[in-house]
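Note that the chains take the letters A, B, C, D and E in the order they are written out, and that residue 1 is the start of every chain.
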Amino acid sequence: MTENVKLSSEVVYDVKDLNLWYGKDQALRNINMQILKNRVTAIIGPSGCGKSTFIKTLNRMIENIPVVRTTGEINYHGTDIFDKSVRLEELRTRVGMVFQKPNPFPKSIYENVLYGPKIHGIKDKKILSEILETSLKAAALWDEVKDRLDDNAYGLSGGQQQRLCIARCLAVQPDVILMDEPTSALDPIATSKIEDLIETLKNQYSIVIVTHSMQQAARISDKTAFFLMGEMIEYDDTNIIFTSPRDKRTEDYVTGRFG
Amino acid sequence: GNSSESEGTQEEVTSEASELSGQVIVDGSGTVYPLMANIAENYMTNVQPGVSVQVGRAGSSAGFKKFIPGELDFADASRAIKDEEKAQLEEKGMKLGENVLEFKLALDGLTMVINKENTWAKEMTKDEIVKMYLSGSYNAEDVVKWSDIRADWPAEEIKFYGPNENHGTFEFFFEKILDEQDMVKTANLQQEYSTLVDLVSNDKNAIAFFGYGYYASNQDKLQAVHVDFGNGPVEPTLETIGEDLPYAGFTRPVFTYLNADYAKERPQVLDYAKFVVSKDGAAKLAGDNGFAPLPDSVYAEYQAQLEKLSQ
Amino acid sequence: MGSMPNVREMIQLNISKNKNTSDKIMPKFLFVTASISILTTVGIILTLVIDAAKFFSSVPLAEVFSTNLSPLGANPSFGILPLINGTIFTTLIAMLVAIPFGLSSAIYLSQFASESKRKILKPMMEVLAGIPTIVYGFFAYSFVTPLLMKIIPSLEAKNVISPGIVMGIMIIPLVASLSEDAMNAVPESMKEGALGLGSTRLEVAFKVVIPAAISGIMASFVLGISRAIGETMIVAIASGSSKAFTFDITRSMQTMTAYIVEFTSGDAGSGTVGYYSLYAVGLLLFLFTLIMNLLAQYISKKYREEY
Amino acid sequence: MNLDVQIKNTAPLKNNLTLKTNPDNKGFEINMKKMKHRIALDKVSKFIFSLSTLVSLVVLGILIYRISVQSIGWLDMDFLTSNLSIFPEKAGIKGAILGTLYLMSIVIPVVCILGVSTAIYLEEYANKGKIQSFIKVNISNLASVPSVIFGLLGLAVFGRIFSLGSSILAGGLTMSLLVLPVVVVASQEALRAVPGYLREASYAMGASKWTTTWKVVLPVAVPGILTGVILSVSRAIGETAPLVVLGVPTLIMKLPTSIMDDFTAMPIQIYYWTLDTVLTKEYANLAAATIVVLLLVLFIMNFTAILIRNKFQRKF
Amino acid sequence: MTENVKLSSEVVYDVKDLNLWYGKDQALRNINMQILKNRVTAIIGPSGCGKSTFIKTLNRMIENIPVVRTTGEINYHGTDIFDKSVRLEELRTRVGMVFQKPNPFPKSIYENVLYGPKIHGIKDKKILSEILETSLKAAALWDEVKDRLDDNAYGLSGGQQQRLCIARCLAVQPDVILMDEPTSALDPIATSKIEDLIETLKNQYSIVIVTHSMQQAARISDKTAFFLMGEMIEYDDTNIIFTSPRDKRTEDYVTGRFG
């Protein structure tokens, strides 16, 4: 199967020799990794190993922290995202992000979903309402909220909020969706809904998900990368990582011997 | 306020009865203030509702300091303009009698006030008053006791009060009564007349001097010293204050100074000036504010001077 | 998702068309406005310094630091010590009122009061803090002074006790709320630790909370002092304008702020030494309060609790 | 399970008896006298502290009571709608109210535009470096510069250099500068209270900085900013010293018609009437009546600010 | 061993029908439980089950939260601690408490340890320094700090701080020590030191410890109570709880099937 994936898959991200420092502290060391199209890629590793740092580098959100410095390349569909010609706005509409804590805007559900299309200049009411419905349906939220689209998003439960954030992200039809522990603030039922959702979304989107639940990684991902202290120790098909990892440290981690 | 120059564009110099507008700015003597404010209000309510007369009461000297650079239309004063102030005017090309007109408004009686509970100093001679206020009369520290003045008075320290040097009243007292000799060092000089009234009305051993008007408004709190100018003690009242009357020794005229250039340029200033010296102005209202009016002939003379300006 | 329009393309088109005008202009506009705000400081310092310089160039320093203040006389003299003296006394009296009552209120509110009492008391204190100083001035003049004169017969009608006390009352909410903030910043766990050892609330307050919050509390005192130094209308109304250099608080004294008010309402004719003396006093006042504020910031930073 | 346990220590409860510990645990001997002492001290001090908290509120009560009583008979419709006069029965504060309103018409826009944009610049745009913290220190210092100094600034800059005298414009600009730092600090706090994850969410949607600020940050911060603006404007309404320094005239009967006119305002009127009680005692009542009006206006404004603060308290 | 304990034990706390509400939310339901002398009693259960609430009720620290309301009895050596005549200060001197996060006072080590004795009016220098040494030795901290007693407690490491808090608590020779997850903020080495310490302390003190580490409960406690959603599901000798619990839910929990 490993062979298979490699051959048939298109590369979305090609990360080359990525290093990253917070001031003087190096948080990522020499990461080399290819992220594949229409696959769910899980990033696992103990706390502080650089998972969030890495995923935030993929849409350059990390640059909001002023002390950050990077070297290396991240090629997104062949273009280095660090290149001067790359417009952040464009990169980030193509690469959506879902955060650990649901972070809807304190606006109506309607305004939340359509935030992206609106700021990017879509004004046509008909198009907007189409986007609204499609995105909410795709995020498996439509039925629950269709009668209260004008309510404030903060009236929703945590799990619904997180799906709303996913809908908001889908509304601009991204190419990749980055998720940083999207279920860690949710209860088990909400978690399983989101996991199901990820399952269906991967047909259309490439998904990178950080998780600290190995069960979750095993359940939903196709590929898994194991990070440790800023290094990518191992990256392979998920079943290989969880059944026969090549590296002793990966094995220790996935069998619960540390972390 | 100092925007007198900027005004005066919208004048329609026609007949006397015309509706005037614009500003008239008055500042200066605090003694004159109640009278001038009264005149101003009468003018605005009964004569020219369109004109805005602003009255301040910074003190006579302070008034001249604003008048000389042209910030005012009128400067009220409880003393006549000083030579040095005339000189400063002349530096600006203004001459008293031509560019600046002096009007006596009324007569004021400088009143020595004491506390209601003071039972001894109700009558004093002018010399006693002068001596007690002079520095070094009794001792170098100027700590003066009532008993220093008359042996049978209490052996308690006198608290001297008065308006500060901003005020014409101070200067009148210092120049005309003390003959420019140093005042006691312990004197407590204040900017606001209200402060003086409070201080004296609450201190048995206090004595202060100011215009009769401020005493007249506060007769329930203060009593006036009856001054003996040689012919027996005289109580200051509207009947005794006057140049030929018993309280003449402490009587002084109060003034207002008009910037005649402004009066020529701006009809409302001239019109107001005429009102001030008219029979409805100072002459009529002086008594209400504790001043004795001047003889009618004086006001008539001023009217004539103003008529000349309007030609 | 057949009906879904191709949003991705529409957006891409818009992004490439968008010239980001507001993104380019707004930061510049904001920078300009921010600069104006900041230039005010510079403006204040400049006006004060320029006019104060004119004052100092015409008055010898020995005279400035003398006790002889008679700015309006025939031979004016500009000794500043009576004003500093008056300022110190009113501030001292104010803080004698504000510190004990402010701190007590803070202790009560943060350590003893039930939530429901706090909810009533705090807003009422805020009301107290929001009353204009002219109102306090009127109150000092028309109520506190007459009352005090009944208690202290030798008190003069204009004195520094009455405005000092009223100023202190005015500053209570400031001291109380800043001290309370500092006390509330002490971690709950530390208070629990003390309570868990069998401490009474009082012991928690004095042995744990206040020592831990001491820097914030001191800073609140210093800010209170700064406020007292700068307070104007209360003293202008209730303490008179005597320029005598005296230590007798039953008598009238003049503060730096009251001097400015007296002088401008009396004699602000521009270009005179007296006019410039306003700015010299203003500069001094500015420096005093600045030093107090910096001191407050320094204290709360330097002794920032180590927990 | 309960049955199995031998319960040895079942001494009956007696009031005011100290707690029993295990008999064979030597234990720390609590000094009971001291303990009672401590508890008594705690109670007494709680009482004292609550009393001292009440002191300031009692003063507030007396102040409001005294002034209200004094204003009875003077505060009526006529008082609010008449022009100034030297005769107490005729005098009203229409001009003063109008003057205060005119002042606000300058302070509010100036402060909203300058103050809020300064706060946005400092919070959202400026590098969080040394200069930023210098500016921050500066602004918080500016907030506690005595108001009378702003009066001197206004007198020198607006009054003399720009020749605005003691007009409404000069007064309004002076007041604006006075409360500007308060607005900046309050707005900065409101902006800082906007959680970072909302900004992140917006950036992650490809929004630019200004879009994020305008569409996400500002709407959330507006109640806080508004509260700050209201509170600082109410401070400006009550300020007296800067206007005295600026030289607002003692008697001005005419109503202002433009921002270039001279004016009087409520606090100034209170000041002059207080001084002039020696001329006419009833002026004290006029001052009291004006104070009641002023305080009412301020209470309403503060109340509004509190309402806004409570209503829009963050829901997230 | 079970027999043994049962017979020889004296009851320190006898909790009867304890119910507790935070406002309207009931956090403890009908707790009945006897806590035995010179034993380590562990309280385990999933997050939010009421462990902290329960342990804080034992010294009435819970009453610092204004909305709390209780019914039932907690008899401490036969006296109901909710009785009006009970002085909080005395109860809390008898019943010491150690918290999750070390919370020394920002004072010297010396002042921290002697805080209790001093507020109780002990002034004699000699006695104080005896108490100081004994307590620090009992808390296994003496050797590490004896040369720096005047240093600020915040200069100590987390583990040392926690032992200092224990020493502070021992200084008034309490009868019972309540510990709420005392090691959860500490690293493994510090944790094991504290565990050893608890082992030795139980000869003289009755200890109630809340822990979310089942291993820890198994290692150090004699009796274990399992809480779930405000109820005490099971309470028995520790080895019984971990090897043959009577309740299915207990079994599920201790075998890691949920939580």
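Note that a residue touches a chain if its C-beta (ideal position, glycine included) is under 8 Å from a C-beta of that chain, and two chains touch if they have at least 3 such contacts.
It should be emphasised that the depicted structure is a prediction, and the values quoted were computed from it without experimental measurement.
Participant: What's the fewest number of moves from chain C to chain D, given that each move must go to a chain touching the current one?
Facilitator: Between chain C and chain D, the shortest chain-hopping route counts 1.
Participant: Work out the mean Cα position per chain and let me know which chain is farthest from chain A.
Facilitator: Result for max centroid distance from chain A is chain B.
Participant: Count the C-beta contact pairs for C-E and for D-E, then tell me which is higher.
Facilitator: Higher contact count goes to D-E.
Participant: What's the rotation, in steps of 5°, that superposes chain A's Cα atoms on chain E?
Facilitator: 175
Participant: Let me have the rounded angstrom distance from the C-alpha centre of chain A over to the C-alpha centre of chain D, please.
Facilitator: Comparing mean C-alpha positions, chain D is 46 Å from chain A.
Participant: With chain centres defined as C-alpha means, what is the inter-centre distance between chain A and chain C in Å?
Facilitator: Roughly 51 Å separates the two chain centres.
Participant: At which residue positions does chain C touch at least two other chains?
Facilitator: 15, 200, 203, 265, 268, 270
Participant: Can you list every residue of chain A that touches 2 or more other chains, as numbers and ranges?
Facilitator: Correct list: 89-90, 93, 116, 120, 172.
Participant: Which residue numbers or ranges of chain D touch two or more of the other chains?
Facilitator: 38-39, 206, 208, 211, 247, 274-275 - these are the residues of chain D that touch more than one other chain.
Participant: So, with touch as defined above, which chain pairs make the list?
Facilitator: Chain-chain contacts present: A-C, A-D, B-C, B-D, C-D, C-E, D-E.
Participant: Using the touch definition from the top, list the residues of chain C that touch chain E in their complex.
Facilitator: Residues of chain C touching chain E: 114-115, 187, 189-190, 192-200, 203, 207-208, 211-212, 305-307.
Participant: Which residues of chain D touch chain E once you look at their complex with the stated criterion?
Facilitator: On the chain D side, the touching residues are 1-2, 4-22, 25-28, 30-31, 34-35, 38-39.
Participant: For chain D, which residues count as touching chain B in their complex?
Facilitator: Those in contact with chain B are residues 85-87, 159, 163, 165-167, 247-254, 260, 262, 274-280.
Participant: Contact residues on chain E for chain C in the complex?
Facilitator: Against chain C, chain E makes touches at 59, 61, 64, 66, 88-93, 96-97, 99, 101, 103-107, 115-116, 119-120, 152, 154, 165, 168-169, 172.
Participant: Could you please specify the touching residues of chain B with respect to chain C in the complex?
Facilitator: 58-59, 61-62, 65-66, 68-69, 71, 159, 164-166, 186, 188-192, 195, 198-199, 201-203
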